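In the two complexes below, chain A is the common chain; its partner is chain B in one and chain C in the other.
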Partner chain A sequence: MATIYIDNEPYTVEPNGRNLLEVCLSLGLDLPYFCWHPALKSVGACRQCAVILFRDENDTRGRLTMACMTAARDGMRLSLTDPRAVAFRASIIEWLMVNHPHDCPVCDEGGECHLQDMTVMTGHVRRDYRFDKRTHRNQNLGPLVNHEMNRCIACYRCVRYYRDYAGGRDLQALGWHDHVYFGRMEDGTLESPFSGNLVEVCPTGVFTDKTLGRHYTRKWDLQTAPSLCVHCGVGCNTMPGERYGLLRRVQNRFHHEINGYFLCDRGRYGYEFVNDAARPRVAADPDTVRGWLSEGRVAGAGSPRASLEANAALRALVGAENFYAGVAPAEHALVALMRALLEVHPTPPPSLREVEEADAVLLLGEDPTHTTPRLALALRQAALRPPMAAAGATLKIPPFDDAALREAVQDATAPFFIATPQATALDGVAMQALRLAPDDVARLGYAIAAGEGEIAAALRNAQRPLVVAGFGSGSPAVAQAAAAAARALGARLCFTLPACNSLGLALFDAPGVADMPRDVKTLILLETDLFRLLPDAEARLRKVKHVVVLDCLATPTVAAAHAVLPTATFAEADGTLVNYEGRAQRHFRVFPATGDVREAWQWLDALRGVTRTFDEVTAALAALPAFAGVEGAAPRAEFRLLGQPVPRQPHRTSGRTAVTANVDVHEPTTPPDPDSPLAFSMEGYQGHPPAPLTPRFWAPGWNSQQALNKFQQEVGGPLVGRPTGVHLLPVNTGAVPAGTPPPPFQPRADAVLFLPAHHIFGSEPLSARAPGIAALTPAPALAVGAALYARLGGGPVEVRVGDAVLTLPLREDPALPVGTAVLPVGLCAEALPAWGTLTGGPRDA
Partner chain B sequence: MLSILHTIWNVFTHAFHRRVTVRYPEEKRPLPPRWRGRIVLTRDPDGAERCVACQLCSVVCPVGCIALQTTQDETGRRYPAFFRINFSRCIFCGFCEEACPTCAIQLTPDYEMAEYTRPALVYEKEDLLIDGTGKYHDYNYYRVAGLAIGGKDKGEAEHEQPPVDVRGLLP
Partner chain C sequence: MLTEHEQHEIRAQMALYEQPAAVVPEALKLVQARRGWVADEDVRDVAAFLGVSTAEVESIATFYSLIYRRPVGRHVILLCDSVSCWIMGFRDLRAHLTARLGIGMGETTPDGRYTLFPAVCLGACELAPAMLVDGILHGNLTPERIDEILAGYE
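So, the complex of A and B:
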């Protein structure tokens, strides 16, 4: 603990290697800044956070210094309000604004712009510059990010985030002096799958959300609620925003343990499936469906993309013995295995923050950039941070001095080892990247567990080692090898999971949908596309008398159903999802569903003839031993602050007497919400609600996302109030199931081993329906090694795997292990990896 | 008694006073141009819609009687897809005109908009948009904004240098 004096007021702070700007913001003081970002640290480039620093209590003159570049020390004396500091900061803004265009009314950042906030904060209210402004041409950066270079104030945050933090290579600072230009060498889609964060990192409107621009609404009009990303198993916290019944955008909602300040592009831009015109919206008669339930045997398939409550309602409707997991057989077995391995592991699965703090990583068989992208961004930090920490300790560089630390470490990385069949985006930060077939990856894992080889030696020296594997390889042997290696090394064990509630569904311990008996009269499919899961889906469905599908997507199964009950998407439903760590988190309705669309658990309760509130559904769920404590994920619906609910709409929401005036000139009543402590209204508690209920980040004078620092216990720290989410997964429960190394991989002359290839854009069924994501989805192609590519002549080939026959163009991946080929997932329902044949080109293979 | 006579006298003298009552609606009082009456959306001197759908009028409106949706044409010029004012709620405070950064929304000296039903007081964009510039004749927002739109490229606005050649080496 240290005491620092700010404007002669003593404050007790924890210096902890933090700079004065972080200390001031953590104390709730307003100090303007631009180039500093809590995740990117300081470079001292913008000179905006100037304060006057005094030598001691007798020093009356002091000197101007940059708060972000000065470490906090005990007994420091500084002044934020000294007229010289105030005038300096105002003149910096004036200078930054010289070339800033008169764009605010047509700028998407307007109303949530850090530059606007800081300009007002410094008191620079009048523009005296009379001369010509510098202009720039924009670039087309693809379907996700819009570029308007005139607005740039050259804070360099974009390239520091994009290149240094996210590892992108194609965005650069080009040109010089006041011509400096942040863009690509030529027009084209930004290559990094984390490019969407530029929208939030940029303090002004240079990078804006292109999907939002197509249906633009200001921040003050967006109805938001705390929500979760549903596009992979990581469970990032999001803030979707709605206006006029249309989901407008998704923004990051800070979670200290998980997503921190950043999302991936799938999570940020995948939301548009909610607005899809092809969504099923007309419901069958529920009474007819209820009649079918008494006609004979009923079975139900739950879904890994439906909430715990929806699955529990289905289980209650059909009975536990008739409840099946709507997951492909191989994936079902793999997720069950991974769950079992996590439960016996001595330490719980690491949160993403703990992943970032790892100092040695072993990545087995998984390309997280394409399966759970946010994890890949965390793993990159794990590779880059330890050398920076070491350099900082040796050279006495404070931890926030980003440029100096990066200069000191150059290209050094932590011990980071990758063994996958295909090249991964993380190869660049790896000490060693091995290209091995899945069985050989598993053998490597067991060898490391046995302490053989230099990789094992490097990992053994680490303080916080981490082993990552997952569903991406499709191989149970790899998962078992990873668990064995993690246990032997004393490492944390992290498994990636395919869907937002994969682990939640696995906790129900239901058999897979492939094990469903054939004599079922009525089959209830909850958000399950059978055609994606089972090769014989059509034959199975034909045998069932009544197929009832509850889904929010227009899938082939919906087309084949006898009755469709349209369900709400994540944005129109409350629900609890369990992420890869076993953390149960709650997402809340952003806007009420319209027309026939209802939340899945409401449909299922209606079929059962009961009426329950959401909390009653959750309480019934919590009665199951695996879900004990799940109701603690968020406050109950009766929760009130000063007797008031938390408003979903900002207090500046506009047009409440005009929005529906064309339909009815009388204003509608606020839709009731018996299921949560939030209200579909601008009225309610205006202070800071507890973290699980925070619908937006806004504070007086802080209209941008950077208002977040007012909601954190300290800058970069957890949100104020109770933490969000509860852990459901037990740990260290018993002995490890014995695994044995598989025999070495042997290429076969008559067949090829087809390995699964996931892609961040397109492999996940929900986001694949968002136009922005669909535009970036690569055309399906089969990747083969160099020898096979030469033999097949590069032409289209016929792939036979199981019963499926596919014709695909070829792509060369020279490093691919001999005897394997990589097939995009989702093209057929066959489980991969699988042996199959390739025909085509000049000679058969 | 005296006061009654005084009153009768006063009333009598009023017969010779100058009349202030106007025989409305046959006769109308001239109103100053800054009178806050019926709201219109104006066009810029080039005849294009001035409104850029920035939503400042709707957020400043104390009764929330303005709703609109932003959209843009293929050249990037923004305009409202719909623009609705519920005049049955409007209090004619003029905040919307004050907030408007493009002089698009203006209050006019027309107050004759009484209707028999409230729905008839809900004006859509086609009811609001006029063909002139209103009170502000010369202002064209896109001539001072940095955004490039159809007919105005980068560097062609007032007080703008030509776009930087990033590949140039000249200082």
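So, the complex of A and C:
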């Protein structure tokens, strides 16, 4: 503990290698800043955070210094309010504004702009500059991010995030002097799959959300609620915003242990499936369905993209013995295996924060950038941080001095080893990236477990080693080898999972949908597209008398149904989802469903003839041993603060449109919400609610996302209040099921081993329907090694795997192991990896 | 395409630096020496040769004002506008040059003979006002002296 005097007031603080800006903000003091970012640290570029620092209590003059570049020390004396510091900060803003276009009324950042907030905070309220402003040509950066360079204040946050933090190679600071330009060499889609974070990192309106721009609404008019990303198994926390029944955008909702400050582009931009005009919206008559149910022989398939509550309601409707998991057989077995391996592992699965803190990584068979993207961003930090920490210790560079640390380490990385069939986006930070067929990846894992080779030696030296594998390889052998290696090394074990509730569904211990008897009379499919899961889906469905489908997507299964009950998406539903760590988290309705659309659990309860509140559904779920404690994921519906609910809408005086809305805007009365402590209203508790209920980050004078500072225990630290989520997965429950290394991979002369390829854009069925994601989804192609490519040219070729026959163009991937080819998932329902054949296709039919 | 000679010269530079990105300025100078300026394809070629991203090469190419990312004339005039030369008559010289050549600063004459740029202190303040033409220093300039010098290029 240290005492620091700020404007002669003593404060007790924990310096902990933090700088004065972090200390001041953590104390709740307002000190303006631009270039510092809690995740990107300091570079001292903008000079906005100036304070006066005094040598000791006798020093009356002091000197101007940058708070973000000065380490906090015991006994320090500084002034934020010294007139010289105040004048200096005002002059910095004045200079920044010289070239700024002042186009707030037409700027998408307006109303939630850090530059606006800081300008007001420094008191620069008069424009004296009378001359021409420099102007730039903007670039088309693709379907996700808009570019308006004239608004730039050259804080360098964008390139520091995009290049240094996220590893993007195509965004740079160009030019010099007062015409520095932040962009690409030429127009074109930003290459990084984490480009959307620029929207929140940039403190001005240079980078804005292009999808929001097409149905624009100011922050103060958006209705928001705490939500979760539903596009992979990571469980990032989000804040979707809605107005007039249209979901307008998704923003990051800080979670200290998971997503931190950043989302992936699938997660940020996948939301538009909610607005898809093709969504099922017309309901069959529930009485008819009830009639079918009374005929007996009913079975139901739950879904890894539906909440625990929806799955539990289906299970209650059809009976536990008739409840199946709507998951493809191979994936079902693999997820069950991974769950079992996690439960016997001595330590729990690491949070993304713990992933970032790993000091040695072994990545087996998985390309997380395309399966669980946010994990890849965390792994990148794990590769970069240890050398930075080492350089900091040797050269005495404080941990926040980002530019100095990166300069010191250049391209050094931590022990980071990758073994996958295909190149991964993380290869660039790996010490070694091996290209191996899945069985050989597994063999490597077992060899490392046995302590053989230099990789094992490097991992053994680490303090916090980590082994990552997952569903992406499709290989149980790799998962088992990863668990064996992790156990032998004393490492944390992390498995990626495909869907937002894959692990949650697995906890029901239901058999897979392939095991369902074929002679059922009525089949209830909850958000399950059978055609994606089973090669014989059509034959099976034809046998069933009554096919009832509950879904929010227009799938082929919906088209084949006898009755459709349209379900709410995540944005229109409350639900609990279990992420890859086994952490159960709650998402809340952002807006109520309209028309025939209802939350899945409500439909299923209605079919069963019961009426329950959401909390009652969760409580019934918690009675199952696997879900004990699940109701602790968020406060119950009757939770109130000062007797009030938490409003989903910003308070009445937050913006122009809302200020007299009670008088001059005629809107329907707000619907009640019996299922959560949130209200579809501007009225309610205006203070800070507990973390799981926080619908937006806003504080007086802090209109941008950076109001988050005010919601954290200390800047960059956890949110005030309870930690969010409860862990459902037991750990260290017994001995590891002994796996044995598979035989070495043998290429075959008569067949090719088809391996699965996932892509961040397109492989996940919900986000694939968002136009921005669809635009970036690569055209399907088969990747083959150099020899095959030389023989077959660009194709097209005919692929036969299982019962599926596909005609595809070819793409060359010279590093692919001989005898393998890589097939995009989702083109057929066959489980991959699988042997099949490849022939030069019909060239001219 | 980088010529054999350029590749050879760039490779020689690579031996002198730890990081390939550090070679970019030298590589760009080599390319510019051949064609007088650096075209988009040169940026791509240098990036591919050094194994750095095109954006990184472009950021360096656009940072240095003496790397030309657009075509320049056969002769490049750099007229000093820093403090000594400013005091000693830079403005008159600028007026004379722009009138004589019929172009503004940063422009190229229609016949492609000259490009005119301002430049910061040439390190020849004792000869102010001064300019460089194709790298050759001319000091103690007057409008008449400029006419004589340029006559040599016509």
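Definition applied: the second predicted complex is superposed on the first by the 824 of 845 C-alpha atoms of A that agree within 3 Å, B and C clash if a C-alpha of one lies under 4 Å from a C-alpha of the other, contacts with A are read in each partner's own complex, and residues count from 1 in each chain.
Everything that follows uses one rule, which is that a residue touches a chain if its C-beta (ideal position, glycine included) is under 8 Å from a C-beta of that chain, and two chains touch if they have at least 3 such contacts.
Just so it is clear, the structure is predicted and the values come from calculations on it, not from any experiment.
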Which superposed partner A:R184 touches (first chain B, second chain C, both, neither): second
Partner chain(s) touched by A:S294 [first = chain B, second = chain C, both, neither]: neither
Partner chain in contact with A:H136 - chain B first, chain C second, else both or neither: first
More chain A residues in contact [chain B versus chain C]: B
Contacts of A:G175 with chain B and chain C, given as first, second, both or neither: both
Partner chain(s) touched by A:D411 [first = chain B, second = chain C, both, neither]: second
Partner chain in contact with A:E148 - chain B first, chain C second, else both or neither: first
Partner chain(s) touched by A:Y216 [first = chain B, second = chain C, both, neither]: first
Shared contact residues on chain A - chain B and chain C: 174-175, 181
Residues of chain B touching chain A in the complex: 52-56, 58-59, 61, 63-72, 78, 84-86, 88-89, 101-102, 118-119, 121-122, 124, 141, 144-148, 154-155, 159-164, 166, 168, 171
Residue ranges of chain C touching chain A (in the complex, touch as defined): 18-19, 40, 43, 53-56, 58-59, 62-63, 65
Complex interface listing, chain A residues touching chain B: 101-106, 110-111, 130-138, 148, 150-151, 174-175, 177, 179, 181, 183, 213, 215-218, 220-221, 244, 652-659, 661-662, 665
Chain A to chain C touching residues, read off their complex: 169-176, 181, 184-186, 410-411
